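Several structures are given next for inspection.
You will see two complexes here that share chain A, one where it goes with chain B and one where it goes with chain C.
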Partner chain A sequence: MSISDVLSPFTAWKNLFRDPVTIKDPLNERPGAARYRGFHKNDMDKCIGCGTCETICQNGAIDMLPVEGIPAVQGDSGLRPRIDYGRCCWCALCVDVCMTGSLTMSNEYKWVESDPDLFRFTPGVDKKYWDNAELGYQRHDEKHLMPVAREEMPELHPEARLDSFVEIVQGYNIEQAKLEADRCVSCGLCIATCPAHMAIPDYIKAVRDGDYERGVQLLYETNPFSQVCGRVCTHCCEDSCAARHEGDPIAIRWLKRHIIDQVPQEKVIELIGKPAAPTGKKVAIIGAGPAGLTAAFDLARLGHAVTVYEAQAAGGGMTRYGIPEYRLPYNALDRDIAVITAMGVEIKYNQRVGTDITMQQLEADYDAVVLAIGLHQGRSTRIPGSDHPQVRKAVDLLRQITAGETIDVPKSMVVIGGGNVAMDIARSMARLQLQHYGEIRVTLTALEDKAHFLADPVEIKESLEEQINILDSRGPQACVIDDNGKLLGLKTWKVLSIFDAERRFAPKYDPADEQIHEGEMIVEAIGQMADVSLLGDALTEKLEWNRGRIQIDPNGRTSENWLWSAGDCVKGPDVINAVADGHRVATSIHRALTPQEATA
Partner chain B sequence: MFELDRSQYPQKKADGTLDIDLTSGKYLKLWQGPQHPGITGNMAIELTVCGDEVVDATTHVGYLHRGFEKLMERRTFMQCFPIVCRICVPEPDFNEYCYAAAVEELAGLEIPELAHWIRTLILEMGRVNSYLMYLGGQAGAFGQGVIGQWTTYVRDLMLDRFEELTGARIYHMFIIPGGVRDNLPDGFAGRMEETLREIESVLADVDRVMFHNAVFKKRAVGVGVIDTAWLDSYGITGPNARAAGVAKDVRKDQPYLVYPELEFEAVTGKDSDIYTRADVRRRDLLLSLDLIRQILSRLPKTGAVMTKLPNVLHWKIPRGETYVRGECSRGEYGYYLVTDGSGYPRRVNVRGPSYTHSIALFERMVINANISDVAALLVSLHTYPPEIER
Partner chain C sequence: MQQLYDTLTQRFSLGEFTRQRADLAFITVEAVRLHALLRHLRDQEGFTHLVLLTAVDWLEDGQFQLTYLINNRAKCQDLGLRVMIARDNASMESIHDLWAAAATYQRELREMFGIDFPGSPRLMDDFILEGWNAAPPYRRDFDTLEYSRATYRERPGRETRDPAAHMKQQLYGDKGDV
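Presenting the complex of A and B:
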C-alpha cells in the first residue's frame, strides 16, 4: 500500500469529460449484423413443405400448416412452417436443414405487438416488414446437415455388358444401401407421389436399421412387384424427393430392390402370411402382368378363388415381354410371381381368352372378371413401305427375344422412336448384332430433339455408351425399297416442329434436309395399343368406350357390372401405375362381392 | 482466515446441525439470497453469525435447475447443440465446444483445421467476456460500481464481434458438432484489433482505479485465502488454483484445439487471497487478448469450416463414453458423454467448476469471515450458479 494507491483512483475523474458510449436510439440506429439470426423469412416459390424444419426444431416451435392458395401438388405438400416465437430459440437449425434453401433469417430483431398470439406467424405468408431484408443468416450452399450426393450404383461397364443380356445394375451392398438410406429425411412427399402410395420412408428406415424382414412386410403392404419395381419402376417418387433440390434424390428404387434382394424367397412367402378364409367367390383375371397379378394377389389374400388366364408361356406381361433381360432379369420376375402364386393364385398359361375360352364363358363361370391385357400391339407409322416384311414392330421383336425365338438378325438396322421401348429394342438388337457379326450398326431416329427425348435419361446415356447411333429431330418419310423388293433403309426429313399452336400432334418437316439411314431392317417403336379382339363383337358393342380405350369408372369397373379393367390397357404404360390399378380394382371387386351390412 | 482450531466455536450435533441456542441472542441466522444484491446468480447462503463473524454457512442451490442433462437424453445429437450453451449464461461457448468435441470423438469425425482455429478464437473471446463481467462484479461487491460500468461497455464491444462472427450476442450457437458454422467475416481482424485496444485502454483504467486502490487493497488483501493443501481435496481449478501458485491450466496441462501452437504461459499468483485472484484474472484477461491476436494473425485464410456430416435427423453414434475438458474462465469445464448406439445421448454429465468452488469450498472459506466480506468472497471464487445446477 502506498500513497499512489490513494491518489490513483482519482484518475477516474477524467471520464467526466468523455462523451457517452451508449446509443440513444439503438432499435432504429443499430441494425443487426450481416449474419444476425433474426426473424424468419420463407421463399414461397422455393418451399416444398417437406417439414424438415419442423422435425429438427428441438423446441417444437414449428408447425406445418395448410395455407390458403397453396395447394398440395406433386413434390409439394402445400403445408408451410408456422413459427412460434414464444418457443423459438433462434438456433437456425431449421435454416441449416432446409432442403430447398427457402427458409432463411433476416437481421431484424424488433417486433412490437400487444397480442401475444400474433407472435405465431407463417413466414412468407403473413407479410412482415423484414420480408425483403437482404441481410441475415443464410445457409451456405456447401454446408449441409446431411450428405447430398447419391451413393454410386455399381454397374457393368459397357464393354463387359454389350455382348450379353446380363443385368447391368449390380445393386447396392449393405454398406452402400445404409449410406444411401441415411440421406432420407422422411418427409413423405414420395408417398403422395407414388401411385401405389408405398410406405417409402418406412422401408428406407428398415434399410437403415438393417431390418430387412420388416422392409419386406412394408413393401408387400402396397406392392407385390418389388423385384420388378425395384429395377424398372419409373420412380416418379424420386422426382418429388426433397433431396433433389440441392443434391441427388434418394435412390428409392434401388433401395426397394436392395430390401427384396436381401430376403430369401421362402422367407418372403412366410412373412407375407396366409390368405383369409375362403369366401366362396370366384374371380377370373385376364393377363398375368403387374395389374392383373396385383389384383389377383389382393383378392386371393382376401379369400377369393382367383384364376389368371395368360396367353403367353410365362407371367409378367409387358414387364417380361417388353423389357429386356439386362434391365429386368427373368428370375427376378419369377420370384415376384412365385410369391403371388404362393398366396393361392392359379395362373393358367398359354390360355388365350377369345380363342381357348370366351368372355361369355368367363362371365358365366366367375363372379367377377378383370381385363388386364396390357399393350401388346405395336403402332405403325404407316409411311410408304412400312408394310414390308422387314419393317417390324418393337413389341413383337422384344416378345420374340424373350420367348427365345430365332430372329433373323440384320447387319444394320434403323429404329423409329425416341422412347424407352425404342431404346430397349435398339440395345437388344445391338447385343444380338455383336453376338452374330462382331459389330453394332443400329441407328435410332427420334422425332424429338435431344432436350425433349421421351426416354429416361439413363436409357439414353447407356444407349450412347453401347454405340447406338442416336439421331434427334428426324421424321420418318418412307422405307426405301429397291426394285427387287429389298429394304435398303429409312428416309427421314429434319423435324421443324412437332406440335401446332394448339399443342396438337402435327409435325412439320424440312424436305431439304433429307437423309437415308441404311438398314436391312426397320423397327417401329412409336407406341403400343391394346389388342381387344378377345372381347368378341357382342361384348365390344355392349361396352362403353373412350377414345379407343374401354371406359371405366374411378374404381376400374366397366359399363358391364361383372367386368373390371386395369393396367396399361386402360391407363397407358407404367408398371407402378398398373400395380396401383390392380389394388384399386381388387378393392372394388371385394366390395362388390362382399355382402354389405344394411346401414340405417 | 479459516482457523483449524475450532474449539472456541459451536459444535455440530450428530445430525449435522449446529449445537447452538438461537434464542440466546448470541447467534443469528441470516439468509443471503436467493434474492440479494450480495449473491451471485440464483443461489442462497444460510449464514450463522456471531456478531459480525460468520461461524457457520450452508449453501442452498436448486433455484435454477432446468434439467439440461435429462433434456439431452430425449434430443438427437444435433438437437442438443442449441440447448447446451444455455447451461452457462456468461460463458456459453465451453458448453458448445465440449459437447461438440465429445460427439465428434465418439462419432469418429475429423474437424477441419480452420474450425479448430475459429473454435479457439471463440473460446478466448468468451473468456474475455467472462472476466470483464467478473471484474465488474468483484469491484461491485466492495461497493465500487464504476468498474462494472466500464467493463460492461467493453464487453458490449466484444459482443458486437460475437454478433458479426456468429450471428448472435449471448447464445452464439456457433460451435456445432462437425466444425463451426462459418468463416470469419471480411475485415473481422481489423475490427477485433480496435476492440482489443479499447479493452486494453479500459483495463489500464481498471488497473489504476481498482487494483491500485487503497480501499480495495484494504478489503481484498489477505482475505479469503485458499490453502494449496485444499486444491485436490476440493477439486479447485482455474484461477482459484493458479492464484495459490499452482499452475493448473488445461490449456497447458492437456492441450486441445490449437493451444499447442500458441505461445503463452499459465498466469499464476502467490498469495491466494481475493486480491491475488482478481489480479490473476486481470492478467489472464490480458493473456487472452494476446492469444486472440496470435490466432487472428496465424489462422488459415481459407478452407472448410465444417466436416461432412451424416444425416443429422437420424444420426446414431456407436456405443462409447468420453470426457472432454477445457479451461474456461473459472477452471476446468468438462462434458462426460455416454452413447449407446442409438440416436440420443445415453447420459450427459456437465462438470462446471462452479460446483466445487461455490458449494464445498465456499462453505469452508466463509467461516470466520466478516459478514461484510461474504459477497466479495463468493464473487472472488468466480462462480456461475447456472452451471452448478444445469
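Presenting the complex of A and C:
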C-alpha cells in the first residue's frame, strides 16, 4: 500500500469547505443551469422585426405581429415575434439565427397558468418575471448561422488604375455572387428604404438559384437603370439591411450588377417583352437623364408615343456627363439606354429646348410634357478672383472630359468642395495629370472636418490611394492672382464652425491660420442648380415655385396641368431617386391620359 | 498517428488520412474493409473502446457518411474511421460482434437515418421515437416544419404579418393620384 492510498481519505476532507455542487433545498429552489434554454427574452431596442426567427422555427411556433408603440421605420418593420409555447420545443434555433442578438433565453422554466392562451406571448412586450434574468442561453459570439463578412469585391489596385479611366470595380463571379447572396435572409426590410422599392430579396434569391433571366425580369419591374444603379447607386437600402447589425450588410448593389452583367442585351429586351398597343397619346420629355428616360420607358411600355429632347450628343444625363468612366463605363450606360429605346422611345439628341424648340411648341404638339433637366449649372463660391478664366466649375469640366474635348490640363490644381462631385473631378484630373506630366498634384479643400465629410468613405479612401491631397476644415477666401493676371492658387482660412446656433450656413474662420494652396487651376465643386432659362418668361411667370424650385404635387405635376417635372431639378439627390421619380410621373401621366371609367 | 497509418497501409487498402490533432485522426475506408480493420485495431493496436458511431447525410451526393470513433486508452488517442455508403436502400455490415454497444448505435441510426444493419440485435425496436410513422427525421430531406404543421394542431387565434408587406402598407403603399 502506498502512502498516498493511506492519506487519500483525509485529502477528501478538504472538500468539506468547498461550495456544494448539489442544491441545498431542492424542493423549493431549483434554478436552471447557467446556459439552460428556458423562457425567451427579447430586447425591444435591438429587435428589428425581421422575422428570421419565425422563418427558422421548425415548429411553426412564432408569429410576427405589430406592437402598440413600436411603429414601422426604415430598417425596422415594427413587428415583434410572438411565441406559442404550445408548439415551442426550446431548440433555440431562433436565438442562434437572430439577426440582432436581441432574442435570448433565460434559465427560467417554471410558469403556471390556467388559461392556455397566455402561453402565447411576445417576449419583451408582455412583461415576465424572467425578463431581467442574467443567466440562460445566449448564442456564442462566434456561432453565427449566417456568415457575417461580405464577399470581397475584386478591384483594381491604385497602380493598375491610376493612368486610365478603366473601371475599378471588377464585379463578382458566379461563385462569389452565390456566396454573398447566401447571406441574405430574405426578410425584405430593405425594400421600404429603396426609393424605387426594388424586389431586393427576390432578385437576390434569383442569384442563389442561378436564375438570371428571372433576376432581370425582377430588376426591370422597378428599375430600367440596373447597369447604372448596379455600379453607382448610393445603396441606402444597405443601411437598412438586417445583416448589418451583426456583420456587413448584404452587397445589394453588387448583386444587382451581377445579375444584369450575366444576361446579354438582346435577351434582356426579349425578357421584358413588347410594349402595349399604341394609345395614340404623345408625350414629350425634356432631358435624357435617369428621371426622363425612366418615365419614357414606362410610358412607352404603356403604349404612349414618347419623344425625348436631349441637349447633349448622348443620353444618361449626369450619369454620363458627371460620373467618371472609372466608376461607370459608358458601354454599361449604353446598354441600359438601348433597352429603353428598344421600347420605341425616340431620343432627339443635340436638341436644346428653349433654343432649338420652345416650351410653347411642346405644349401645343404633345398631350403631356415632362421636365427632367437635372442640375447642370455649377454654383460659385463668389470669392474674390473666382471670375478668373482658370477658375472652373466641376460639372463643366466633367462634361468636357466625357465629350472628349481637349482640356488644358494644369500641372497643379485645387478643388473646392468635400462631396462626391469634388472627389470625382479631383480623381479625374489626377488621371489626366498622370497621363500628361507623369505626376499628380491635386489639392482638395473641404469646409467640413474629416468626421463630417460629405463624400462617401469609399470615395475618400480611394482618393487618398490616388494621391489626392485632402485638406479638411479649410474655408476658401480668395483666388490668388499675380500682377500679370496669372492664377497662382487658393487662399484658405481654417474653419472654426460651419453652422450657427439655428443650423443656418454661417461659416466662422480663424484668419490667423491662413494657407495658400498652389494651383494653376481652381475647380469649384460646391453644388449645382437647374438652368431653367428654357422655360421663357411667360411660363416662368405662370408656374408656381417653391424656394427656387418648380412647385410639384406628390405625383410630380406642376401647377400647369400639361407639365410634370421629375428628378434632380425638383427633388434629387441621386440616380435611384430620379428613377423612382420617373415612375411616379409616368403613372400620373398615364392616369391623366387614360379616360377613367365612370365611378358610381 | 501518421506512424499508425503507415503500418496499417501495409496490411489494408485505405483512403484519405486526416490528422486533426496530435491525438485525433480520421481515415476514410471502403465499407467492405471496415470490419476487418476495426478488428485489427481493437485486437492489435489497442483501440479497445468504441466511443461512438454516427452518420452524416450528404444528400446532394446521394451518400451517407458513417463515422466510427474508437479510442486507445493507453495512448490517449482517438481514431475516426469514415465510411461512405449509398443513400438509397442504405445498408451496412453490423459490428455488434466486435462491440456489443454498437447494437444500440445501430438501432439509433436505423431509426433516425433509416440505415439498415442486417443481423444487429433488436434493430427494429423503437429507440426514442415511439410510434414514428414518417420518414427518418435526421435525413436532410425530412421537412421538420411540414411534419410539425401536419402533426400538431394549430391553436385558434394565430395570425402573422410579412415584414415587407407590413412596411409597404405602413410606410409607402400606393396612395393613388392626389
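Rule of thumb we're sticking to: the second predicted complex is superposed on the first by the 572 of 600 C-alpha atoms of A that agree within 3 Å, B and C clash if a C-alpha of one lies under 4 Å from a C-alpha of the other, contacts with A are read in each partner's own complex, and residues count from 1 in each chain.
Definition applied: contacts are C-beta pairs under 8 Å (C-beta built on N, C-alpha and C of every residue); 3 or more make two chains touch, one makes a residue touch a chain.
Fair warning: this is a prediction, and the values are worked out from it, not measured in the lab.
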Of the two partner chains, chain B (first) and chain C (second), which one does A:58 touch, if any: first, second, both, or neither? both
Determine, under the contact definition given at the top, whether A:21 touches first (chain B), second (chain C), both, or neither. first
Which holds for A:137: it touches chain B only (first), chain C only (second), both, or neither? first
Considering only touches as defined above, state whether A:208 meets chain B (first), chain C (second), both or neither. first
Based on the superposed arrangement, let me know which partner A:485 touches: chain B (first), chain C (second), both, or neither? neither
Identify the partner contact of A:147: answer first if only chain B is touched, second if only chain C is, both if each is, neither if none is. first
Which partner does A:92 reach: the first (chain B), the second (chain C), both, or neither? first
Name the contact category of A:32: first (chain B only), second (chain C only), both, or neither. first
Once chain A of both complexes is superposed, is A:185 in touch with chain B (first), chain C (second), both, or neither? first
Interface residues of chain A shared by chain B and chain C, listed 58
Which bits of chain A are touching chain B when the two form their complex? 1, 4-6, 8-9, 11-12, 21, 32-37, 52, 55-56, 58, 89-93, 96-97, 137, 140, 142-147, 182-186, 205, 208
What residues on chain C touch chain A, complex-wise? 144-145, 148-149, 152, 154-155, 157-168, 170-172, 175, 177-178
Contacts from chain A onto chain C in the complex sit at residues 49-51, 54, 57-60, 62-66, 71-72, 74, 77-79, 84, 86-87, 116-117, 120, 187-189, 191-192, 197, 201, 553-555, 587-588, 591
In their shared complex, chain A is touched by residues of chain B numbered 75-76, 78-83, 146, 153, 160, 163-164, 166-168, 171, 173, 181-182, 185, 205, 208-210, 212-215, 217-218, 304, 306, 308-314
